[in-house]
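Each chain gets a letter, A, B, C and D, in the order it is written, and its residues are counted from 1.
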Amino acid sequence: MWGSGILNGMRITMRNMLRGPITVMYPEQKLVIPERARWAVAQLYDADGNPKCTACRICENECPDHVLSVVVSPIEGGGKHIDDYVYEVGACMMCGLCVEACPYDAIEMSHEYELATRDPHDLVRVLLHDVDAASPRRVKGGDDA
Amino acid sequence: MPATRPADVLHACGIPFEASTEVLGEVVRLDVSLIADALAALEESGFDFLVDLFATDTGERLEVTWHLRAFAQRSDLYLKALVDYDGSAPSVWETYPAALYPEREAAELLGMTFTGHPNPKRLLTTDGTEPLLRKSVLIRTAEEVRRPS
Amino acid sequence: MTDEEHMGWQITSEGTQRPGPLPRGLRRIPRGVDELATEHLVLNMGPQHPSTHGVLHVLVELDGEEVIAAEASLGYLHRGIEKLAESRRYHQVPTLLDRADYLSGLHTETAWALTVEKLAGIEVPRKASWLRSLLMELNRYASHLVWIGTFGLDAGAMAPFLYIMRDREMILDVLEAITGSRMMFNYVRPGGVVADIPAGIDAKIREWLSHASGWLDENDALLGGNEIFRLRMNGTGVIDRTTALAFGMTGGCLRASGVDYDLRRDVPYCAYPELEFEVPTGQRGDNWDRYVVRVGEMRQCLRLIRQLLDGMPEGEFSSKRSRALKVPAGESYAAVESPRGELGIHLVSDGGLTPYRMRLRSPAYFNLAVVDEALAGGLIADAIVTLGSLDIVLGEIDR
Amino acid sequence: MSTALGVLARFGAMIGLLLVNGVVLIYMLRKVLGRLHLRIGPNRVGPWGILQTINDVIKLLTKEDLRPDSADAWLFNIAPFLIFVPSFMAYIPLVFGPTLAVTSLDTGLLLAFALTSLVPLGVLMAGWSSNSKWSLLGGMRAAGLQIAYEVPLLLSALGPVMMAGSLDPVKIVAAQSGVWLGFIPRWFVLPQLIAFVVYAISSQAETQQTPFDMSEAESELITGFANEYGGMRFSFMYLAEFSNMFVVSAIGTMLFFGGWQLPWLATPAWLAPLVFMAKTYTGIFVMMWARGSLPRFRVDQMLSFCWKVLIPVSLAWVVLWACIQRLWPVVSVAVSR
């Protein structure tokens, strides 16, 4: 009482002032992103540079916000062709359910977190365009080997 | 505080009901016209806490649930009554002031009324919004949501 | 409208009389605020106001500085989570629930998992229960930190709000390393949790724990030790036991009013039956009691986190389950003690892939209903502090 | 002719000082609050962010001059100047050095207090004419509080005035030169400690700093009376707030801390203004430090604190000190005999 609490409070703020700021100067300094952090979805490629996506469309079905759409056309003689793998990053909530569901580990939650943009077109990304889908067996085999 | 079972309390008041024990717990189903009396009797018998009040669209009618708790006995009780679409149930705010908000919410989101509510304004949505939690109100499907570039 | 009428009294030829006994916990009939009353000033506090903690709109009827009546007008953050949940599969629902109570997403997720497990009869491995408890306690501490900071801001003290960020960043870093996200975790699923805790995180939590207690003392000294703060808190915003029970208040607000009820102890779930902790309670139910109860809870939190780290069992973190979980038709209800009170989820299933009806019993929603009873009679400054002491999160109230 | 030019030059210097002070103090406040709160404060515009306030001033001055449709136009327009002008005029009696003052007045101190007590009028006017409920509440609070805290502020200044035997700041400062008992600087803060505490508290209230910032009350009334103001008019109010801080701190320095004089040493004329500024800025720093640390009072608690604690204490102190000063020669003579 009698102002001792007030003086004690002022002592605490002064002590913290002398401790120095804890600010991270963001664009110059950056924090380390933990391994599991979930940010924008990215495609993964195999050693030859071909996408691992098999166009099974499980991710599309799994996404709660329907931000993924995979436009697939069949190739004559077997296999699938991915016309477009569209990812609407602006509407994505980075829940990671698509990556969890992907049976071929063809997509990942990348650590790309600087997603702000001035161009609204950047909010819709075409992750794959006009490529042949991987065959499920090859992706599985590659993983085993 | 008389520590009587809810079934006995309702019997004593001469209220017809149908009791069952489900995964949910003890459930009592009764006619909506008897709700006010039943709740008043139960409140006196020790169910002094209204945990929640909400309504569900069963497809044919609305089912209103009153979730009560007796703090002294640590026991929960669910009362359920069926109400027609755009029908009404008595407001129980005088017994349980906690019902003031959820009644307003149930009224606007499922399209029913609670008679006797002192402030029956809309709570969450604006005037003219359709009763959103009715099964007849559909939300956009995946195809409608997707905006391919 | 005369004062007598306003308070629920009527003047008749036989003299002044009450129309009948008012329901317990109420001082007058809650008619709301008369927007056209001209002799009083009706203040629209919010939805853009620094002290309504989000987009709450409180209509306050003032006589000078004194609050005559108050009414909360909700819905500015209504996203229809309950409706949306009806179109999502069981494992997709937690993404929505994270956004309901954005300060303690793990509690809502766990409530959901417990409800589904209860109805589907899924056994949860012991390790998953402990992990859930650990994360919930970390999250509770983070949520209480935000509360203590914003409560300080409401009372005019800026310093605690920025000091808590130091703690909170460390907790959020830990949570991000475990769950992958800082606030929208999507980590607890029916059947267990998504992943085991990564290596090295134990040491990180312990490092934070070594500071946490001292930092909490600092914030407590800045607020609770301050004479001005005590003057502001003592005897303002009184919510007595009857009112608290009548309005369905739970959590710290109910305990501050003298009701010794904590779901963690009284309806145990997860790892809590195996843990030792105390439940702080108050007596008068004023702002000071609510402050003391929450700070006491934070100290118990630290104690629980230590126990959870020490006793973390080995084993599976999730039971085997198929992604397309089907829950038998029926209803179930499970609740957890969230930082704000009893957070329950009522699930109605018709046996399909998606829930038939999901009802979120959000504690802040019920705690806020008392706004008229708690605010009326005080000054504007008290109203701000009382609103802050209720610890409301609008995401959870409006859903 | 030369006197007129001199006066003009002094007024020019005063305006310059005021503007520079405002800019420096705003920067200082943001830096001090930042550091107190483990932050850095402004750091992007210019080295260490020193150009941040200039940036803000330019932004405020180039903004559109908006007035609410339903506001009382005349009062609304004039209120910021009614707040600004007195706080600016209060620089007149400040003594920056042995010969450095705008003008020497026998009743300089009285003038300063009289001018600062005009501020609540402008605040009330701003609050009323904005035709906003928040502004009105803020204006009413400001009027009630600032008028109340004028009283202890004045009473606490009476002690040093009695010791110096003059209301002229130059004489008050001069009376504080030298030492007592060979080593204690003759600053009035030592014998007048109680008066100084009252002065410090009521000056904090007078300048509307946290714990007494009810009229602005960020978390209650948003910014209270200044709610509807923007652009240049707002910047005038903002500047007045900082100018007030400087004035009360400078008067406190003159009354209690020996003004421009260094302790123990003779102060060269060129050093005097720097010493004075250093002391004043230290006072302002303490005000900002309290602002960054403390919660806010409630309006009724603050009023009752003023009327029931500060005023009786300062009144009693004035009476007590008058008795001491009157009886001291008698007692010392009696003791020495």
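Brief remarks follow.
Methods note: contacts are C-beta pairs under 8 Å (C-beta built on N, C-alpha and C of every residue); 3 or more make two chains touch, one makes a residue touch a chain.
Worth saying up front: this structure is predicted, and the values here are computed from it rather than measured.
Graph distance from subunit A to subunit B, where chains that touch are one step apart, equals 1.
Ranked by how far their CA centres sit from the centre of subunit D, the chains are topped by B.
Among the pairs A-D and A-C, the greater number of C-beta contacts is found at A-C. The innermost chain, defined by the distance from its C-alpha mean to the mean of all protein C-alpha atoms, is C. Averaged Cα coordinates give subunit A a centre that lies 55 Å from the centre of subunit D.
For the pair subunit A and subunit C, the distance between mean C-alpha positions equals 31 Å. Centre-to-centre, using mean CA coordinates, subunit B is 61 Å away from subunit D. One simple way to say how far apart two chains are is to compare their mean CA positions; for subunit B and subunit C this gives 22 Å.
Each of the following residues of subunit C touches two or more other chains: 159, 163, 165-166, 222, 226, 228.
Contacts with at least two other chains are made by residues 36-39, 292-294 of subunit D.
Of all residues in subunit A, those touching 2 or more other chains are 6, 9, 12-13, 16, 22, listed in ascending order.
Every pair of chains meeting the contact definition is listed here: A-B, A-C, A-D, B-C, C-D. Contact residues of subunit C toward subunit D in the complex are 41, 43, 49-51, 65, 152-159, 162-163, 165-166, 222-223, 226, 228-229, 231-232, 379-382, 384.
If you check the complex, the residues on subunit D that touch subunit C are 33, 36-39, 133-134, 137, 141, 210-211, 213-214, 217-222, 292-301. By the touch rule above, subunit A contacts subunit D in their complex via residues 6, 9-10, 12-14, 16-17, 19-23, 25. The residues of subunit B lying in touch with subunit A in their complex are 142, 145-149. In the complex of the two chains, the subunit B residues touching subunit C come out as 22-25, 48-52, 54, 56-57, 65, 67, 71, 74, 76, 93-98, 100-101, 109, 118-119, 121-126, 132-133, 137, 139.
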